[in-house]
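Multiple structures are listed underneath, in C-alpha cells.
First chain A sits with chain B, and in the next complex the same chain sits with chain C.
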Partner chain A sequence: MLEKKLSTGTGITFRKIEPYLYLAPATILVVLVFLYPIVDIIRTSLLQNNPDGIKTFGFTNYRLVFEDPVFWQALGNNGKLLLSVPILTVLSLLIAILLFEHVRGWLVYRGIIFMPYVLAVPVVGVTFGYLLGLNGIFNTLLRSAGLAFLAQNWLGSVKWVLPSISVVIIYREMGFGVVLFLARLMSLEKEILEAAAIDGANFWQKHFYVTLPQLSGVIEFFVVVELITMLSWVFAYVFVMTGGGPGFASTVMEFYIWKHAFAFRSPGIASALAVVLLMVTTLLIVLQLRLRRRSLEEGA
Partner chain B sequence: MSAKSFRVISIAVILVMLFTACGKTTPATGSTKEKVNLTFWYWAESDAPGADAWMTESVEAYKQVNPNVTINVVPQSTDTLISAFQSAVTAKSGPDIASQWATGPVLGFVWQDALVPISDYVSADEIKNWLNTNENTYNGKVWGASMYLIGIEIMYNKAMFAQAGVTPPASGRWTWDEFITACEKLKTAGITPFIAGDKDGYGGAWWFAHVGMQGLDSTDDLRQAIIGNKDFTDPHYTGWYSSLDEMVKKGYFNEDVMSLDLSQGAQAFSQGQGAMSWGTDGMIKQALTDLGADKVGVMRTPQLGAGKLADTGNATQSITFFLTKWSAHPQEAADFLVYLHTADRLTSWYQHTGVIAADARFDRNLVTDPVLKQMVEWETTGPQIWLENFLPGQLDSDADLTAGQMIFSQSGTPADAAALWQRSAETWRNQHPDELTNWKNWQQ
Partner chain C sequence: MKTPKSLRRIRTLLASIPNQIVLILFSILSIYPVYYMAVTAFKTRPDWLHNQFGLPNPFTFQNITDALIKGEIPLWFGNSLIVTVASLVVTTVVSALAAYAIARFRFPGRAFYFNMMIALMVIPPAVLILPLFVLMVNINLINKLPSVIIIYSGLLIPFSVYLLVSFFRSLPPELFDAASIDGCNNLDMFWRISLPLSTPALVTLIVVNALFVWNELLIALVFLQDQSQKTLMPGLTLFKGHFTVNEPLIMAGTLIATIPMILLYLFGQRLFVEGLVAGAVK
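Then we have the complex of A and B:
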C-alpha cells in the first residue's frame, strides 16, 4: 500500500517523501558541483590579507578590486566583446536561412561552416595568431591584392586587437548558431512559408515576418549562450592569441582572474573578481529574460 | 642431525627472527637500505632543449648506484609552473623536489613556509662550487640548487655590419651613442638594426633587465621603490624608457615586433632578418648554426646608465631546484641534487644541452666555439644579476612586461610607462600586505 506510514508518530507518508528521494541524487550532485564551489569562492573572496600574514574576514578584496584600474579595463573589454553578439546572431541567421533555401551544395557549406566549432579553441587561436601577424598570411594577401593600406598589426595594436579577437570568436561560434537555427528552420511547417509565398511575400518579407517570429525562442537561447560566452568563456582565445596584451588592451575578466589566482598568488582578489563576474553575468541574463518575457506579454 | 639439535636450532632461529622483527629499524646500508620514492617536479627543457633527456639519463644512472632510491620525474609546463606548485603548497602535499624560477618566485614560497633550506642538508664545501647561489640566499641560508647558467647578450650579424660600414666594439661594448650611431648606419643601409619580439612582453622585460639595471646602484635600490620608499616615476628607475622610445620612433626595430614572441624575434635574427638581437647561449648557438660560425659575433649591452650596477653581468641560474617542507626524505632528495653536480653529470649536461653548468667544477674546455667561450667568460666573471628576478610576479607582469609593450606598440609615452610602474606597485602593495612585509624585511 502506497499510503504506508513511515512513522505514525510524525504522520509523514512515503508518498510525501518519495519525490524528494528521487530528486536527492541530482540535488546532491548539483550542490557538490555548483553550490559548494560558489559558496567557497564567496568565502575566499571575504578572506583578506594582513601585514602579519593572518587572514581576516571583510570586504577589503572587493574594495581593492573596484580600485584597480585594470579591473575596469578588463570589464570594459568584456563589454566590447558583447557587441559581437548581435553581429554573430545576424550572421548566423542569414547563413542558416540561405542554407535553408537549399542553395546548391548547402550540405557541404553546412559542414564547412560547422567545422570551426569542432576545433579546439587553442587550435583556432594559434592558427589565427599566425594568420593575423603583421607579416602573416592575411596581410600578405592584402598586400598582394594591392590593398596594403588595409594591412594592420591586428593582434599587436591596441586599436585592433579586440575587434580581431571578436572576428575569431565569431568565426568559431557561427557554426554553432547556423546549425542551431537551421535545425529549427527545418522543423517549421512548410505550409506557412508556402502560403506566404502564394500571398506574394518576397524573400525578405517571408523570412522577416514569417520565419523570424517562429525562431524567437531559439534566437533567445543562442543570444543568452553567446552573452555568457563573451563574458566568461573567452579565456582560451585571449590566452593563446595575445596573453591579454598589448598592455591590457585584450585583458578580459577571466584572464585577470586567472592571473590573480595562479600567477600572482592572490586567491582572495581572484575570488572577489569571480564573484563580481558571476553577478554581472547573472544580471545580464536576468535582464535579458525579463525583456523577453515583456515582449511575449506584449505579443499576447 | 638429532631431533634435539634440530629443536634447539629451530628455537634459536625463531628467537633471532623475533628479535630482529621487534628491534628498532637501524639506518640501512648496502642492499638492505630502506626503499625511497622521490617525486621531482622538473622544469628546464624550455630553457635548455635536451634537459629532459639528460634528466632521464641521470635518474637511471643514479638508480645504478642507489638501487633503493626511485625518482619519479614529472616534467612541468612553463605556463603552470608557479600555479601548480602553489596548489601543492596550499594542500601541503606534493613533490619532494620542485623547480621554480630563481629569487622572487623561490623566496615567495620560502615565505609561505613551503621549503627547507638546502644548505641544511648539503655541506658548505659542496655548495661553494655551485654558482649564483646568491640568487636564492635569504636569512643566511641557501634555499635551492642552481643547475645551469644563462647569460643574455646582443648577437650581431657580421655581414650586415660590414655592409653598413659598422665596426663592432673592440672592447666588446659600445656606449649608447655609439650604439645609436650604428643603428642609424644600418637603417640607412636598408637593414633592420635590431630585431626583436614583444608580443609576450618579454622583449621589453629584457630591456629592463639590461638597460633598466644600469641606472641602479643595487638590487636594494630597486626594492626601495617596490616597497614604496622611492617613486618609480623618478627617472632613476624609468628614465631609460625614453631611450627605448626614441629607438622605436626612429624605426630601429622590426615593424612586426608586436607580432613576434621573444623567441620568434631570435629566430628571425637566425634567418638573417636583422643585424642585432638579444641572444641566450642557446639562441646564439642556433644562430651560429643557421648563419655560419664566422657570421655571428656577440657584444655586451651598450652602456646607457651610470649606476653602480652598470657593469654588472646578467647571467642567471634561471631555474632553481629545491626541497619541499613536506618531503619525508629531504636528505635523500638533497643527495640526488648533489649527484647532479658530479663531474660526469655536469659534462653530460653540457653535451645534452649546450648550456653551461652552474658549477665551478664544470670543465670549460668543453666549450670550443670562440663566441660561446666569450659568453661563458662574461657569465662567470664578476657579480651577476638578472633584475627581473627581483620583482614581485605581479609587478613583473603588470608593469615590466606591460610598460615595454606600451613603448613597442607606441600606445603610451615613457611617462605613461613610468606611471604604470608606480600605479602597479601601489596596487601590489595594497593587494598583498603580507608579501609587502616580507619584501620590507628582505635584506639584500
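Then we have the complex of A and C:
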C-alpha cells in the first residue's frame, strides 16, 4: 500500500532509499557499540593533562605506555599465547582425521570432544583452578607416577602460568577445530582417497599428500579465528584463573586495558593501550576480509 | 568365501585399535573437568578434602540446595535469562533486516557495508568498554540490564549479518520474481519468503549467539556491578571469591550455570556444528 502510493510520485526516491531503511536499525547499534567507542578511544588516548591543568592533544599517553615494562610484558604474553595456535591446529587436525577414518562410535567421540567448547570460560577457569592446584589431579598424577619433584602450583608459578593457561585454552578450543575440520573432510570426494589407498599410500602418506592440501582453506580459516581469539578473547581465562598474576606474569592486553580503565582509573592510558591492541588486530582484519569474502564467493 | 571376509573384518578392527586408543584418551581428557565438577558438587566438604577424585561418599544434595537458596544464584540465573532472550530478539530482527538489504538490493555502499561487518568481527570488546561505560553512566543505564542488552545486541550484529547474508543469497531468485509479479513489495517478501525459508539458519544463529551471551564475562562484569543486577558468569566468579573455603558449593554453582548450555547442546548439537562451521566450509 505504502509503496503503491509512493510509487506514483516519489517512487524513484523511495526505491533509492529503501535499502537504507532496512540497514538503519543495525547501523544505529553498530555506530553506538563499535564506531563511536573506537573514535572516542583515539580521541581520549591523545588528550593529555598539562601541568597548568589545561588539556591539550599530544602523545604523552603513548609515551607512558611505551615506557611501561608491564605493557611490553602484556603484549609479549599475548604473543606467547599465539604460539599455542599451531599446537591447537595440529591436535584438532589429528583428531578430525582419526574420526574421519570410520572408527566405530565416531559420532559419540565427536559429541564428547566438542563439548568443552559449549562450557563457559569462567566455568572452565574455575574448574581448572582446582585441577591445576597444589593438590589437583595433575600433581596427584605426577606424584603417583613418581615424579613428585615436578608437582607444583601451576597457576602460581611465573614460569608455568602462561603454558598452563594455554593448555586450558587448547582444551576448550579444540572441539571447535575438530568439528570444523571433520565437516570439511566429509565434504571431500572419496574417490581420490580411495585411489591413493589403492596405489599403496599408507595412512600418513594418504593424509599428508592428499587430504591436507585440500583442507588448506579451512585450516587457514581456523588459524585466523584462533589468532583473533588469542588476542581478543582471553580476558575471562586470565581474570578467573590468575587475576593477571603472579605479578604480571599472565597479564594480557585485554586485562591490562581493563585494569587501567577500572582499577587504576587512568582513562588516557587505557585508551592508548586499546588503540595499540586495535592496531595489532588490524593485521588480522586484513586476513579476515580476504578469507571470509573468498569463502562467500565460492559458496555463491 | 566366508573366512577371508571375516578375516578382513578382524584385520580392519585390529587396525583401528590405535585410533580408538587415541580417541578414548582425548575423550577422557575432554570429559574429565565436567566429571570433576559434577561429582564435586554432590560431595560434602570433608569428603572432598580426602577424596577429591572419586565418586561422592556420602552423596549429598546440600550444596545444590544451598547454592539455590542461600546464594543469589536464582536471581542471577533470571538476569542471565532476560539478557540472553532480549539480546537475541534484538540482534536477530535487526541483523535479518540488514542482511536482507545486502542480499536483495543493489545500492551504493553495499560492498563497503558488508566488508565493514566482516572487519568488525575482529574488534576485541576490551577496546570498546571504556567509552561505552562513560556513555552508559551518562544515559543512566549503568547497573541496569538494558545496558548489556544493547551492547550484546550490537556486538553480535557483524557475525549475524554475515551468516544471514550468505544464507539469503542462496534462496532461489525465481521465488522473489514470482512474488513480485503477484504484487508483493520488498517487506512482504522479507516476511513471507526470506524469513520462513531461512528458519534453519535462524535457529542455528540463535543457538550460537545464545552460547555467546550466556557465557560472556567481561561486559557483564563491567556494566552490572550491583549485586542484584548481576548475571551468572560475573556472579559465579564473585561467588568463588566469597566461598573459597567451600569448593563443593562453588562447583554446585558452576554446575547449575552450565546445565542450560549442556541441555541446549544435547538437543541441538547439529545446530551448533552448523553454525560454527558456516562460512568456513562450503
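Quick note on the criterion: the second predicted complex is superposed on the first by the 244 of 300 C-alpha atoms of A that agree within 3 Å, B and C clash if a C-alpha of one lies under 4 Å from a C-alpha of the other, contacts with A are read in each partner's own complex, and residues count from 1 in each chain.
FYI, contacts are C-beta pairs under 8 Å (C-beta built on N, C-alpha and C of every residue); 3 or more make two chains touch, one makes a residue touch a chain.
From a predicted model like this one, the values you see are computed outputs, not experimental measurements.
**Q** So in the superposed three-chain picture, is A:Ile228 touching just chain B, just chain C, both, or none of them (first/second/both/neither)?
**A** So A:Ile228 only meets chain C here.
**Q** Name the contact category of A:Gly76: first (chain B only), second (chain C only), both, or neither.
**A** neither
**Q** Using the superposition on chain A described above, determine whether A:Leu29 touches chain B (first), chain C (second), both, or neither.
**A** A:Leu29: touches chain C, not chain B.
**Q** Please work out whether A:Gly245 is in contact with chain B alone, chain C alone, both, or neither, and reply first, second, both or neither.
**A** First partner only.
**Q** Once the shared chain is lined up, is A:Ser266 touching chain B (first), chain C (second), both, or neither of them?
**A** Only chain B is touched by A:Ser266; chain C is not.
**Q** Identify the partner contact of A:Ala120: answer first if only chain B is touched, second if only chain C is, both if each is, neither if none is.
**A** second
**Q** Answer with first, second, both or neither: which of chain B and chain C does A:Pro163 touch in the superposed model?
**A** Neither partner.
**Q** Look at the residues of chain A and decide whether chain B or chain C touches more of them.
**A** Per-residue touch count on chain A favours C.
**Q** Applying the document's definition of touch, where does A:Asn135 land relative to chain B and chain C: first, second, both, or neither?
**A** Touch status of A:Asn135: both partners.
**Q** For chain A, which residues lie in the overlap of the chain B contacts and the chain C contacts?
**A** Dual-contact residues (chain A): 135-136, 261-262.
**Q** Which chain A residues qualify as touching chain C in the complex?
**A** Touch list, chain A to chain C: 2-3, 16, 18-20, 22-23, 25-27, 29-30, 32-34, 36-38, 40-41, 44, 94-95, 98-99, 101, 103-104, 109, 111-124, 126-128, 130-131, 135-137, 140, 171, 174-176, 179-180, 183-184, 187, 218, 221-222, 228, 231-233, 235-236, 239-240, 253-254, 257-258, 261-262, 267, 270-271, 274-275, 277-278, 281, 284-285, 288-289, 292-293, 295-296, 298-300.
**Q** Please name which positions on chain C make contact with chain A in the complex.
**A** 16, 19-20, 22-23, 26-27, 29-34, 36-37, 40, 52-53, 90, 93-95, 97-98, 100-102, 105, 107, 110, 113, 115-116, 118-135, 150-151, 153-155, 157-158, 161-162, 165-166, 169-170, 185-186, 190, 211, 214-215, 217-218, 221-222, 233, 236-237, 240, 247, 250-251, 254, 257-258, 261-262, 264-265, 269, 272-273, 276-277, 279-282
**Q** Across the complex, what residues on chain B touch chain A?
**A** The touching residues are 80, 82-83, 86, 108, 199-201, 255-260, 393-394, 397-398, 401-402, 405-406, 408-409, 411-412, 423, 427, 430-437.
**Q** Which positions of chain A touch chain B when the two form their complex?
**A** Where chain A meets chain B, its residues are 49-53, 64, 67-70, 133-136, 153, 155-158, 242-243, 245-249, 259, 261-266, 269.
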